[in-house]
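Multiple structures are listed underneath, in structure tokens.
You will see two complexes here that share chain A, one where it goes with chain B and one where it goes with chain C.
Entry: the complex of A and B
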């Protein structure tokens, strides 16, 4: 089925879906900073436990981001027509543009979430 | 630019290298932490140089060596490899390396404990030897033993300051109402210079301190001397200077242990004469500098929190300077 004949669902027109992955990144980032600060200030326990909690949050965030990346990859539908230029005002081009942008944002968010977790692996202490 | 001008510029830029050594350089390390930091710097610089050369090499290749257009496929692969894969790999490596030195930088100190408080615009320095009930108080100078890790507690009085002693380690903010910490492990004996690294008011640029590192034995001897009360004045001039110091109320702000002067508003002056700097690095402990300072502190450090004594006759001020200079 050619791209232009594929169904164009409301979700395909959603800008919000496109930026969901960076939103997961933002929430994860806030969680890592806020949780570590409170954990260390309140002396809730060993820094090792903190580091594991952050890693768990990271795995959750990465799973969400991978799920979104797959959804956006499908919406981009690159394998169908190898199309990566979306400059026409048609449903297909809008759908594939948003999918393409969302997919790349998801990849960026994946790397970013890993990067903001790395300090927790290395620091090793609350000091 | 002509070739000659370019060559001259290159030579001039070599001059900048002269700033790489000296008493206040992270590139001339005298401690374990600063050595790690300078290694980090050279590693990053080497990486940047390789990337810079590679980018310019590619540019040269595309412009001069083979200016024919690439295939669309090849260009896409190049953009993906050079724009996505390479930065991700390189940044992960650099971030990992940078983070891997963090635990050492934050290691707890198991040697001497010192508390440094940022004031406007000077440093209060309290030594807490093992088991001490009261600190040995000094100011504007930090003396540390070589070969052990000293634990340094950082506080601030009114505004945020930052404690930075590049020859020995990284910098850490001093924040009112909060206790920060760092630890330093000097490896070389020497004299160094530190600087407040967070804007803290009019005289921020004049808020510096000196650091001295000593062998453990020398340090123990120094600490014993530092703990002792001030030396009594030995000359008539110094004696009249002491009397003037007490009569003028200097002791309301300054403490000189072993005398009635007990004030804690300004720096402790008990062993001022043995220190390497006056007024947080603005001057030296010499008689002319002491006279200039007492006469009008704000002329030297804008808005300094000490009143001017230019209403006193020069003889009285000179006598006080003689007294203070003798406080070894």
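Entry: the complex of A and C
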């Protein structure tokens, strides 16, 4: 089925869906920062446990981001027409543009979440 | 005319989900047919239409010129004012450089030096960088979007007058030797103990300007998503508009924490509520958090608009579309997000746990990825095109070089161990000036050279521009490159003098010389800007650029565009041959102003489908009065004149209500209007199709962020202090808290219920509901205040925090009740009819947020402390 005949759903018109992956990054970031701040302030236990808790949160966030990336990749639908420039005023181009941008944002968010987990392993101390 | 009603073959292309709440929806043909776009136009009729448009959009004559609200006027006033403040702040820097030129200098006193560096930083940030972005965007955005004006012209004017009053007030304090002197980030306890008025001037004056900034941000966001021309879907937006959208959203999330911080700090200064006093359970670090949650994104709020300017210049210089449009959108949005994860890197030396420092260090390094992507996209575009080294491009090239140096030192100071060495030295001063000159000043001046032909219909001097560039560029590097070394040799920032022979003398002298070379460069530019320039240009598109802006009229016309085009490309002037001629002939939408009203087309947020002919507001004095009285409400408390402040606040509200009542959401003479090309649009919509609804939504989003910052404060004290809440502390009265939560919920429910009731025409019942809503809301606020009234806010930070949350919520209730009463009055005096009910929609939307605030405060005051 050619791209222009594919169904165009309200979700495909959602800018919020496109920025969901960085929002996952933001929530993850706030969580790891807040959680370790409280952990350190309230002396909740060994730093090793903290590192593992953060890693668990990271795995959850990464799973969500991968899920979003897949959804956005489908919306981009690159394999269909190898289209990576979306400069026409059509439903298809808008849909693929939002998918493409969302997919790349998911990739960036993936890297950023990995970045904000690394301190748990390389600087995982409350001192 | 093809009707798109029931049974029409093109029914699929409708957007039922966007129209379900509308009394009237678009009818006719959309998108326009090829036939309608090429149909010949009667020149006589076109001339009559043009005359009517001209009459409607013209500026008022004589001294009434100052009541104008056209984006083209307000934008120019705004940017010239911001530029003036920049020159003053720059002059302060020159005096500081003179003072530091030689060791043990006595040119100015230590206190004056403190005032100067404080005002230099504050003015450059709050009176130049952010307002300049907003000013330039107000000026340019409608042209990029082929719109007649911004959606709320009077709001832009209000923002400008507020900015002018606040800026003059804050800057004027320098003349009375009373300027703020605790540094532009106002750290307590220095700022809380400071005895003069300086800190209060800073807190109240700048809060006032921040409110104006948020108003402009709301305007710009709504302008970008609702005022695009038909056909300009989100994937076709000019990159400038993308950046405006991202930066507007960032302002919405960055400024409110600072406003919350200002609120707390001013409460401590005027009422002695000990938020930052450790002896009574407070903590100065909370201010640092709130300030830098604002302060770091602020750097990107300053930087991204300049990149946006570069993103318009680079394709024009390369004469080809931008390479990697998607990548730039990715990097703009990505930078917008990641820049919020950096704030603690200004606090690396405050003794936070190293794991916390690690998160912020990592995020600081991560933000390099999107920032780098956009620079590489520019380089790729230049490589792929045939570059004409036009003058604006020279400034952009200089900007890229300088910004890259600032970025590289940024990577260094983002590493906590390096930062511990460099913190508060001249190395930081050098780093931040490299990022801000490269990320703001150079692109801005380049942008002014690029856009000046659009703004003033004349060109700036090529020769003066090159002289100015080379003076500024070399002077900048002479001034700031040695500062890296001065800093590494241990010179701290913000010292008014230093001893000789510790290895800083020569470096400081070189920096001072460089500073004056920069000043010479900026003055050459300033002269070029204001000098008389003779006849207007003969060509409309001097850079042969592709954006809609360059369809502008010479000589200038105030209508924005003669007719609003149907756009099918990212670079319409390159890809849609004949579009400018057709626009000029009035061959697109809305070529006429038959009713004598200022109108523009409002389209849907994503696909830019026409939804509404918006009647926008015209020249007015009430906006200036509103700004004056709002200014009074902020400025009088500086001198502890609380009664005049209160009266001024009431007068401001009265002006705003008058302004809204007399000029917004007016009942149209006909529900539909033919806008040309076979399309008719409603003249009035309510709810999510209406720009006003979006304005409320976006404002309240920012308001929620401020509220969340207050609640963050409570959690912060809980983690940072062992005695929050103190053992055996008296809590808020539980019964009153529960009563308040119930009353607020009742008020919300009544308001929400009033909307469909009113729409169905049962007006008396709606009036009862609105009255009940206003009464229960007032009672709810009273109950909330009563719940904490037994506590002493000066005794400890815990009761002070409960008070602050209660005061915040009660103040918002005033706004909520005013809105309910506005709707009530509207139903009584025919301003709100069942079919025309936009104010009710906006009030209900406000009350959704109000309910969250009220229940959040009830939980924070009554429930949370008992659980912690």
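Everything below uses one rule, namely that the second predicted complex is superposed on the first by the 127 of 127 C-alpha atoms of A that agree within 3 Å, B and C clash if a C-alpha of one lies under 4 Å from a C-alpha of the other, contacts with A are read in each partner's own complex, and residues count from 1 in each chain.
To be clear about the criterion, contacts are C-beta pairs under 8 Å (C-beta built on N, C-alpha and C of every residue); 3 or more make two chains touch, one makes a residue touch a chain.
Computed from a predicted model, the values in this text were never measured in an experiment.
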Q: Figure out whether A:111 sits in contact with chain B (first) or chain C (second), or with both, or with neither.
A: both
Q: Please indicate which partner A:119 is in contact with in the superposed arrangement: first for chain B, second for chain C, both, or neither.
A: both
Q.
Quick check on the superposed pair: does A:41 touch chain B, chain C, both, or neither? Answer first, second, both or neither.
A. second
(Q) For the overlaid complexes, name the partner, chain B or chain C, with more touching residues on chain A. (A) C
Q | On chain A, positions contacted by chain B and by chain C | A | 111, 115, 118-119, 122-125, 127
Q: Mind listing the chain A positions that touch chain C in their complex?
A: 10, 13-15, 19, 22-23, 25-26, 29, 32-34, 36-38, 40-42, 47, 50, 84-89, 91, 93-94, 97-98, 100-101, 104-105, 108-109, 111-112, 115-116, 118-120, 122-127
(Q) Quick check: in the complex, which residue numbers of chain A touch chain B? (A) 107, 111, 114-115, 118-119, 121-125, 127
Q) Where on chain C does chain A make contact in their complex? A) 17, 31, 231-236, 321, 325-327, 329-330, 333-334, 337-338, 340-341, 352-363, 365-366, 369-370, 567-570, 605-607, 715, 719-720
**Q.** Parts of chain B lying in touch with chain A, wherever the complex brings them together
**A.** 84, 88, 91-92, 95-96, 99-100, 102-103, 106, 108, 181
